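Just passing along the structure, written as structure tokens.
Labels run A, B, C, D and E following the written order; every chain starts at residue 1.
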Amino acid sequence: MDITTLMGIVLGAGLIIWGIVTSGDLGNYVDVASIILVIGGTITAVLASYPMEKLKKTLTITKIAFQNRSHSPTNIMKEIIELSSVARRDGLLALEEAGNKAEDEFLKKGIMLIVDGTDPELVRNIMETELTFLEERHADGRGLFDSIATFAPAFGMIGTLIGLINMLQGLDDPSTVGPQMSVALITTFYGSVLANAFGMPISAKLKVKSKQEILMKELIVEGLLSIQAGENPRIIEEKLKTFIPPELRSEMGNSGEGE
Amino acid sequence: MDITTLMGIVLGAGLIIWGIVTSGDLGNYVDVASIILVIGGTITAVLASYPMEKLKKTLTITKIAFQNRSHSPTNIMKEIIELSSVARRDGLLALEEAGNKAEDEFLKKGIMLIVDGTDPELVRNIMETELTFLEERHADGRGLFDSIATFAPAFGMIGTLIGLINMLQGLDDPSTVGPQMSVALITTFYGSVLANAFGMPISAKLKVKSKQEILMKELIVEGLLSIQAGENPRIIEEKLKTFIPPELRSEMGNSGEGE
Amino acid sequence: MDITTLMGIVLGAGLIIWGIVTSGDLGNYVDVASIILVIGGTITAVLASYPMEKLKKTLTITKIAFQNRSHSPTNIMKEIIELSSVARRDGLLALEEAGNKAEDEFLKKGIMLIVDGTDPELVRNIMETELTFLEERHADGRGLFDSIATFAPAFGMIGTLIGLINMLQGLDDPSTVGPQMSVALITTFYGSVLANAFGMPISAKLKVKSKQEILMKELIVEGLLSIQAGENPRIIEEKLKTFIPPELRSEMGNSGEGE
Amino acid sequence: MDITTLMGIVLGAGLIIWGIVTSGDLGNYVDVASIILVIGGTITAVLASYPMEKLKKTLTITKIAFQNRSHSPTNIMKEIIELSSVARRDGLLALEEAGNKAEDEFLKKGIMLIVDGTDPELVRNIMETELTFLEERHADGRGLFDSIATFAPAFGMIGTLIGLINMLQGLDDPSTVGPQMSVALITTFYGSVLANAFGMPISAKLKVKSKQEILMKELIVEGLLSIQAGENPRIIEEKLKTFIPPELRSEMGNSGEGE
Amino acid sequence: MDITTLMGIVLGAGLIIWGIVTSGDLGNYVDVASIILVIGGTITAVLASYPMEKLKKTLTITKIAFQNRSHSPTNIMKEIIELSSVARRDGLLALEEAGNKAEDEFLKKGIMLIVDGTDPELVRNIMETELTFLEERHADGRGLFDSIATFAPAFGMIGTLIGLINMLQGLDDPSTVGPQMSVALITTFYGSVLANAFGMPISAKLKVKSKQEILMKELIVEGLLSIQAGENPRIIEEKLKTFIPPELRSEMGNSGEGE
């Protein structure tokens, strides 16, 4: 469980509520019609922007931002180096058993391709195409939250414009001007909060997570191709270490370079 | 029929009208001169931005956003794998009959190039150039809606400026200030709605659709070149599967990797 | 004559004037000092941004947006296919006469390079460098109008700030506040109109025109190199058709693929 | 110690405080609730945007902006040229001793790879992958400050909206309108200062520092590969000089080209 | 001396002053504290954004925008074609004397590399690395002015916020509201002017100048490599002509292609 996304969003919402309560009345900020307009408008715009099959995945994608799915890169690295020792000692076919035990589906698929004696060029081709499309699917998922961050303030402004136009039409009773403008501004407030305390942070977190996963899969591709090429486990280790930040390398028993 | 674009836009418009009606009088929001200024201004700016022959295609392009044209990628994939079996069994010339039955024009063209014995390098060259220009034509079509999303708020603001300047010139009767400002803001309101509930979602939807179509055509190119190279249908299947998301792969009878 | 640019700009200006007249007095919108400030300021900023020799070409470039210069791509295509037949029948030297008759300078230059027996690699090199720089010169020209679209609203805002600061210094007579603010807003109005009804559409149109011209010249390069390589006219036709949209291909007598 | 970051930020803060003091009362600008809302909101949004392990490095990264870590490129260059003389005279193995004395970890690692007789292609591969990921880690670090520059003004605006909505709800006592709006604006003020006098300059400085470090490491890669290829020290010097600006080249005893 | 930068900036400043004088009192626009805050704030933010050694070069870089340094490309082209004739007639060594007379340091360096019998691949490598870093140094210099264009309006807004907050704290005397707001707006005015009439135009001019210089140096690289390859002066001329716009080609005695 990636605690920071949840923590950040919950604390952010808490802070805003605290900010309201210390200076005014929370009740003034709850306006059902405004909530429906801003959230509903954002949803309809997102609905019009994406095909149904992408929208169905939204929940799955949102979950990623809150999960801590990625295996540690050092573990994956150790696993690959072990595989390379096995392959060196007992041949590539000996990887089949290890492959069946691999937890990562991508690693498993790669091992199976090698065990099947697939041409190295084709192995790289298949695995890199897989990566390209994985990256694109990640970007699509992120796009949903970018859309929220774009449409929420826009519908907030549309709501405020509606409020202002209404208010200006009936300026007869000056005592209602204040509360009416206050309500008009609430949609802008909702839009800003939705964009900055929800849409943008989740999009940012999904981007970091996507990068990490892609990186780990690039490490797997590089590692498997080196195994298939029969390279020395020590050289493979040296190669793979470049994929991880220096401070993690020491875990592997070798002093790293300062950031 | 891609229901989400239509649904999104209709629901979005409905929500905004609901938002107006619950808090004021819809009549205040209908100002013919403002509609003419914002929509007309946007149209003239788009007219000045694109040559006639692109503008003529606007309707065709708009339709794409509302249609559900794309064949399922798994169907195309099955079709190609079948073609590869035919080619393996009966030779490349046997593809001619299958080619004539192909629904997708791009697939048909590719099969015909192969049947004609065209050099593989040239087949790739021709099909990829075709793809590049298809992508560019899609981007051009999208550009129209991006322009609407840019120009509509701009002409909305120009209309509001006109309203404000008029109002400020005649401040003698304070009782007219409110309604005049109200009318002035209506163009900004129109511009915002046009951009956020129409222009941007359709541009986004066209982008997703373009990506899907390009992807499916890349799958066709990859598949046909593999057929021409006489590759094993099982390897071709493995290759093509990387083009589709894991959850669709199981339909082909093979467990996929988690997103 | 590309009628849409002129039509778009004239109609846009007309609409804005109509919008003013229906709701107020056109006279209020004519403020010589404001016009000088916004247009003058934009011109000085553009002047400071570009060297003299680029500025001298502004008029030439502006003309492109209003002209309909490009030969039809199908005509160029037919011309090249004819050239390929001539070359096949009578040898490359026979192209000299055809070259002299070619209207397009770029095509003529390419034919001459081939007739001179220039190495194919060098022909491609020379023609593609030519294209690269043509593209860059086009981008430079477009940059002028992008600058106008950037600087006009900025100087509009500077003018409004000047008006506001003046007005706020002398708030003694409340009856002058309205007209003074009205005048202050006029520069913002000018800046918006200049950017959205002139600068941006022309920049957009120049971009489309540049793309069309580059595309046609890429078609010429591809065609000439195929002629030099002695390729079959039918294959050349097939290759070149990928450069044009499907709906134009039928003019060449072959069914195209749907957009 | 890179004095300019600290100086710039301290002087900037000083200037703003001076600006406040000369025209008003500093006390009006200290509002604890506003500080908590803007800084807290920014922190929670950043927290939600990045995984814990990146956030832990924030301090380390921030330090880089204030430090003057990079060895002079001319020193590194001299070191490499010396190494090339040693390698020419005594062979590649003689570099081991020099490598142990090298201060730069990256240089040391490169020398060790060469001494180990690693294949040149692999040396380049390993060192360039290292560089790619170093660059990406730098970009990640910078991203934190870009996020601050994005979220601070957003939470500033959210705070101001809260203040305005509260104020407008209770317009009864006109004498409190001014101070209430004043307090409402303070969060926007905090957000602007945080973004422009802290987040953006540090991000910019980190970008420059990253570029310098990457450049120096590219110089090391180029130099070591030339040493491994047994190139002439004079040619190596000529090559490496292109990596540094002309005015630094004269230090190496050769007249440079004007900027 | 590139007169347009200076002219543009001076005329722009003049126009703004004229705009002030025709409608108000220039004295109202001179507020020492505001000047210190906006210019000082911009300087401190730029100071924090760049390391000292870049800042020291600011003046040198600024001068470039006002100078007319570049030799005419046709002159450089003629010089290279002459060199190619010399090399063809008397051999590459005969270039030494010509090289010593060359005004352009980059050309001189290239000639010396050729005279020294450096490997063509290495000559290209050295000269293109030189170009890459020259381009990057130019971009760095431009970045300073982009920073000014970013920070000046930001500090202008910060100043205005300070003025507004102060004013709103003391609303007791309505007669001071106007002048106080007027002063508050002055910093926004300064920031806008600094960005739009100084920072952005100089950055744009530096970009154009950088492009021109890079282009001329690419022409030199291409020319020198052709000389070293012993190519025919006529072919070299044909190649180099593609680097310059058609209207300059006629100066070389050959009809060009229309823009």
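In this section, contacts are C-beta pairs under 8 Å (C-beta built on N, C-alpha and C of every residue); 3 or more make two chains touch, one makes a residue touch a chain.
Since the structure is predicted, the reported quantities are computational estimates derived from the model, not experimental observations.
A.B. asks: Take the average of all CA coordinates in chain B, do the same for chain C, and state the distance between these two points in whole angstrom.
C.D. replies: Here chain B and chain C have centroids separated by 25 Å.
A.B. asks: How big is the gap, in whole Å, between where the Cα atoms of chain B centre and where those of chain E centre?
C.D. replies: 40
A.B. asks: Which positions in chain D touch two or more other chains at once?
C.D. replies: There are none in chain D.
A.B. asks: Name the shape of the chain contact graph, picking from line, ring, star, complete and other.
C.D. replies: It is a ring, because the chains touch in a row that closes back on itself.
A.B. asks: Take chain D as the starting point, go toward chain E, and spell out the full loop of chains.
C.D. replies: Read cyclically, starting with chain D and passing chain E second, the order is D, E, C, B, A.
A.B. asks: Can you list the residues on chain C that touch chain B in the complex?
C.D. replies: Residues 2-5, 7-9, 11-12, 15-16, 18-20, 22-25, 28-29, 175, 177-179, 181-182, 185-186, 188-189, 192-193, 195-197, 200-202, 204-205, 208-209, 211-212, 215, 235, 238-239, 242-245, 256-259.
A.B. asks: Can you list the residues on chain D that touch chain A in the complex?
C.D. replies: 33, 36-37, 40-41, 44-52, 54-55, 57, 60-61, 64, 105-106, 109, 113, 118, 122, 125-126, 129-130, 133-134, 136-137, 140, 143, 147, 150-151, 154-155, 157-159, 161-171
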